[in-house]
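Next up: some structures, all given as structure tokens.
Both of the next two complexes hold chain A, though its partner changes from chain B to chain C.
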Partner chain A sequence: MSDFAAVSDLAVGSKILETLSVLILLSAFLLMANKRINSYIKSFRLQSFLIALTAGIMGIRSLFNEGRWDILIVCVLIIALKVILIPARLSKTYANVRYKVEKDFIWNIPILILVCCGLVVFSYFTLAGVEGISGESSNLQLVNSVSVIWIGLFFMISRKKAIGQIIGFLVIENGLYITAMLVTHGMPFIVDLGIFIDLLTFVMIMGLITFRLNDQFDSIDTDQLKNLKG
Partner chain B sequence: MDTIIYIIIQLGVVLLIAPLINGVIKKVKALSQKRKGAPLLQMYFDLYKLMKKSSVVSDVSSWIYKATPYIVFGTAIAAALLVPVSTTILSSISIPGDFIMLVSIFALGRFFMMAAALDTASTFGGMGSSREAMISSLIEPSMMVSLFAIGIIAQTTSLPLIMLKVQTMAFPLVHPVYMMVGLALLIIIIAETARIPVDDPSTHLELTMVHEAMILEYSGRHLALMEYAASVKQLVLITLFVNILMPHDQWIGAGIAAIGLSLLIYLFKVIFMALVIAVFEVNTVKFKLFSIPNLAALAFILAFLGILQFFILGGNHV
Partner chain C sequence: MGFLLYIIPVIAVIIFFLVKENHYRHAVSVASSILLAVCAGALTFRVIVNGVVIYPMLGGFFYLDALSMVILDMVIIIAFMAAVFSVGYLNEEKRHGQLTDKKIRLYYILMYGFVLTMILALTVKNMGLMWIAIEATTLASAFLVGFNSDKHALEAAFKYVIICSVGIAMALLGIILLHWSSTGVLTDASYLDWTALSAHAGALKSAVLRLAFIFILIGFGTKAGLVPMHTWLPDAHSQAPSPISALLSGVLLNSAMYGIIRTTAIVNRNLGSNDFTGRLLIGIGILSIATAALFILTQKDYKRLLAYSSIEHMGIIAVAFGLFTPLSIFGGLLHMINHSFTKSLLFLSAGNIMQKYDSKQIYKIRGVLKTLPVSGPAFLLGLFAITGTPPFSIFTSEFCIISAIFKESTGWVYTGMRLGMGIAFILLLGLVFAGVAVTLFRMFYGSDTNSLYPAVKDISIADRLEQSEPSEPSETADKYLGNSSAAAVKPGETNKAGALCLIILLITILISGIYLPPGIRELLLQARNIVMGL
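Moving on, here comes the complex of A and B:
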């Protein structure tokens, strides 16, 4: 048993978490490079799957080291919610709106990607001054996951349509979640549950608001909200 | 004396299996379309047939047109000498030159190819060379940055030394820096070898062709040399990728049998990469010309993030 735990600790150790955190950062870049709303949803699903994978690896490790089940349950919840339910709901919302012009970003894609790269540099320099994260791999994981938050924020303000902004918010949430998970190696279970219920409510409400926006303005472009409508 | 034998092995292997890679890619594409496709060795037959034919040269063209196939083929061979196919055994070649020279050699060949396409004053040639100039000026910075990222880690610019350094690592492919650089290199290989998102190698449609438009005027022996040079260049880039990201020589000892085994593993790796490229090509569509900057930006950013990850890791992690 202890032998197996040692092996799993080695294989499942920070090396794979490092790689996964880089892949999550990469999926945020992929999201930024997407042009179409259906590809946003696919990229978001990919990112959530990578987060679920991270949670699964951490869950297996904590199961063998401390005998805790809760992170594995969180992994299953992430797969159910963020990989299956929320993307499906977003696709349904998008299929139901009438007005479909796909291109909705403010600048062209190379500039957006370059700005994102600047955000990674920025988060590296801000986090370099924080005390107590001197370890190499934890530094890498922290910089990557904080960068995901920044990129999500930038995604939210660089897209004009409501669905793009919902996805931006979900990416911010993904970034916050992965940051918390990589720093604490497993939050208390009740906190995870609270986050998930918040998220589900958010997506429901935003879906409804997108429908309302579409009904009122024949468009899901949030720029239209500047006009008064009776 | 040994050096000469190693150079012969290096060049022989590259020249021998370069057309095979094209065959594998074409076969996979044909199978994906439920066709039987040309035989794997089709390109060898084509080259043999073209070599036997005399070439037609436009009488308004200058010496550049006639010299270009030999220059392009010469640059391909020079590039093949710089990138060892099997590191520990063949690194004793020690030809002066590093990856900066590799990029410059490619640029030299490309320059003459573009000049020759302009030389015959055909409209397609000019169109092809202007497109090629745009694509190469976009892709070349990413290639330099990604190679520099690897060079910073290995603290050398020499390719054999980089490949020796990589062998001390457990799995370079899952290391954060190498993963980023590897993805950038994959985009670069696809763009440099005129594969589908950037250029369609199998059509002669005037709207889409880039590389084909430049060699449209060539025939016979000259065309054979140009096509052979293109396939050798493709194999050199694939070799760079597989030997940096999937090193295998650390598990093999020394000796004659080891060289054979190493080359065999190398062949499998290269065919595997050809399959990866073919699958990528099947699953994507050709971009319009003005979407290529997006791809180039992505490659550049991946390479730059690779360097950045190296510094986030403290600069001495590897």
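Moving on, here comes the complex of A and C:
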């Protein structure tokens, strides 16, 4: 019980949340440094777990302070969806379209990591320049979580395989989620629920499309998708 | 009454799952779209009389005012046209052995799912729920875009889902920031509710709101096909089956635009002027028109050309809302209506042309006026209409927007700049007209019987092979020269009900160019006042 009380204490809670937001950013870097699709899925699972942890802490806090259950339910949903269901689904897609390991990224990994550092600096300076944001206590958390969005976007650009792009999108979604969580203490519950449904449908549809791409093009390399032009 | 709008498509989808025979599916589809139209008619009447339709159920998330009603009516009317047209279209495709019964079922399930998500996007008053519905439109239509399931369609579907989802994700960031700008102003129950946001617009944090607007413009702009983010649009619109292209172009783009309009209204109210939103919207709008004009000039595929024309018209609408004067907003709303009618007319008749000639390449098609006695003239007149020729309705709305550019002062636009902008706008519209005339009008000349390249069903297999590997026109011409004894396309319409749809659409755009019924006028004026915040 005393642990819960400590977590629900605002000052300590903020420190923990700040640490978690840094860890989530680090997991995005980790993802960028991965070479194989299997390890993409693992990194994504780790990141989702960290987000579920954040949601859990915030949920306990809001339960003690305001008596709201919804963030805790969201935490359970994140674990069910992003930690268990979606990675499993992606692994299945990957098993169906298994291809020979080849060079998958546009530049080599040290350069990609450097660009990611640049993205963090970029989001720091853009957000620090906006009045109304710069003075707030959630500044660092906001910079971290918005950086995750940009890194997700860059991950999509840097990988050539369809599954890499799906994971990039999921990381963008994670970044958005953690931004909403830390900055505005969560969206209304029904909105969260709808976002989860959309996300699940997205993964299923993209899994199917990837499978068909593999059928038609004998690979899931998106570089081959350039028949439609002009 | 309002909830019937959700219930009817859901029931239709369930019936599609259950029934086995094709003609029942067709009947259910047409019947449910007629029911939807009846509901929409009744709701429109209530909106004109009462101003808003709102139900207390489920926290009052169902909300209809004149602005959403205008676009909702579009969705339902075009969905009706597409449903009627689909009957003949799918039967014809099936006759050519392109479709199985199972695929027809899938088509209808996805089509009504798609319509349902669009209805949902337009009838909720919560920005978050609207975002979900708009993302769901992408997901519901992904397999419709990739419906032909060849390489091209699959490529289009992949790009469509990836680009639109990432774009829409940016809009979610914008909505999160919008939510943040309202913390401390709104209470728990009214989070992200735009009626509340617009009522308390003055108290929102301006700096955060500006950032939110940029992200929402990028996000919904991707879905609306505004220029730097438009790359998915020509692929998706040219690969989807024609009735779906009509829905995508005539309706889906408007639904995304609707999100931008709502946000623009809130931001302008907060900042007290349209300086900020105006610059962005007009810049992006002019860029869209210019890019579309260039691509139209060099286009070889008529469905792609129509897709670029949609980008152009979204640009025009963006300029209209960027100007933010009473006249320009009225013109912009009218333009949305006219564009969806005209573009559906064009895509549906293009569908008939495509089934007749089995090709999307302009150079392979000759003598459309003779071979297709209804679709041919409808396509020709529709092309005149879409380029803004009087007496068609698009001329009226473009005229409103152009006179708004020249006439009314809009704050940040100085006289000289306004003059330059207006001239550039008119020149670009002229360029689009020239582009359409140069590239498309040759389809109508000549007769197919003495054509150099008789595009016929007999060579359709060769054609299909060729479509997967685009080759140079000269090569194909040589190939066909040696084959000039091939039989020509038989004249005559195959899709009778579809032809009737085309005639109805044509009459509508002709009449509304001259005379606007007082009910619609009243609705548009109410919608304008909502955008202006009056």
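Convention: the second predicted complex is superposed on the first by the 209 of 230 C-alpha atoms of A that agree within 3 Å, B and C clash if a C-alpha of one lies under 4 Å from a C-alpha of the other, contacts with A are read in each partner's own complex, and residues count from 1 in each chain.
By our rule, contacts are C-beta pairs under 8 Å (C-beta built on N, C-alpha and C of every residue); 3 or more make two chains touch, one makes a residue touch a chain.
What you see is a predicted model; the values in this text were computed from it and never measured.
Clash-free side-by-side placement of chain B and chain C is the outcome of superposition onto chain A.
Of the two partner chains placed by the overlay, only chain B lies in contact with A:Ala33; chain C stays clear of it. Legend: residue contacts after superposition of the two complexes on their common chain; A:Leu114 is shown touching chain B, with no touch to chain C. Contacts of A:Ala95 after superposition: neither chain B nor chain C is touched. Once chain A of one complex is fitted onto chain A of the other, the partner contacts of A:Lys15 are limited to chain B, with no touch recorded for chain C.
Applying the stated contact rule after C-alpha superposition, one finds that A:Asn139 touches chain B and leaves chain C untouched.
For the combined arrangement built by superposing the two complexes, chain A sits at the apex of an angle of 150 degrees to chain B and chain C, based on C-alpha centres and given in steps of 10.
Once the two complexes are overlaid on the shared chain, A:Tyr124 sits against chain B while remaining clear of chain C.
With both complexes placed on chain A, chain A has more residues touched by C than by the other of chain B and chain C. Fitting both structures onto chain A leaves chain B and chain C with a minimum C-alpha separation of 19 Å. Comparing the two complexes, no residue of chain A contacts chain B in one case and chain C in the other. Of all residues in chain C, those touching chain A in their complex are 61, 126, 128-129, 131-132, 135-136, 139, 142-143, 146, 149-152, 154-159, 161-162, 165-166, 169, 172-173, 176, 179-181, 183, 191-192, 205-208, 211, 234-235, 238-239, 295, 298-301, 304, 468, 470. For chain A in complex with chain B, the touching residues are 15-16, 18-19, 21-23, 25-26, 29, 33, 109-110, 113-114, 116-117, 120-121, 124, 136-137, 139-140, 143.
Residues of chain B that touch chain A in their complex: 174-176, 179-180, 183, 293-294, 296-298, 301-302, 304-305, 308-309, 311-314, 317. Against chain C, the residues of chain A that register as touching in their complex are 130-133, 146, 149, 153, 156, 162, 165, 169, 172-173, 176, 179-180, 183-184, 187-188, 190-191, 194-195, 197-198, 201-202, 205-206, 209, 212-213, 216-217, 222, 225-228, 230.
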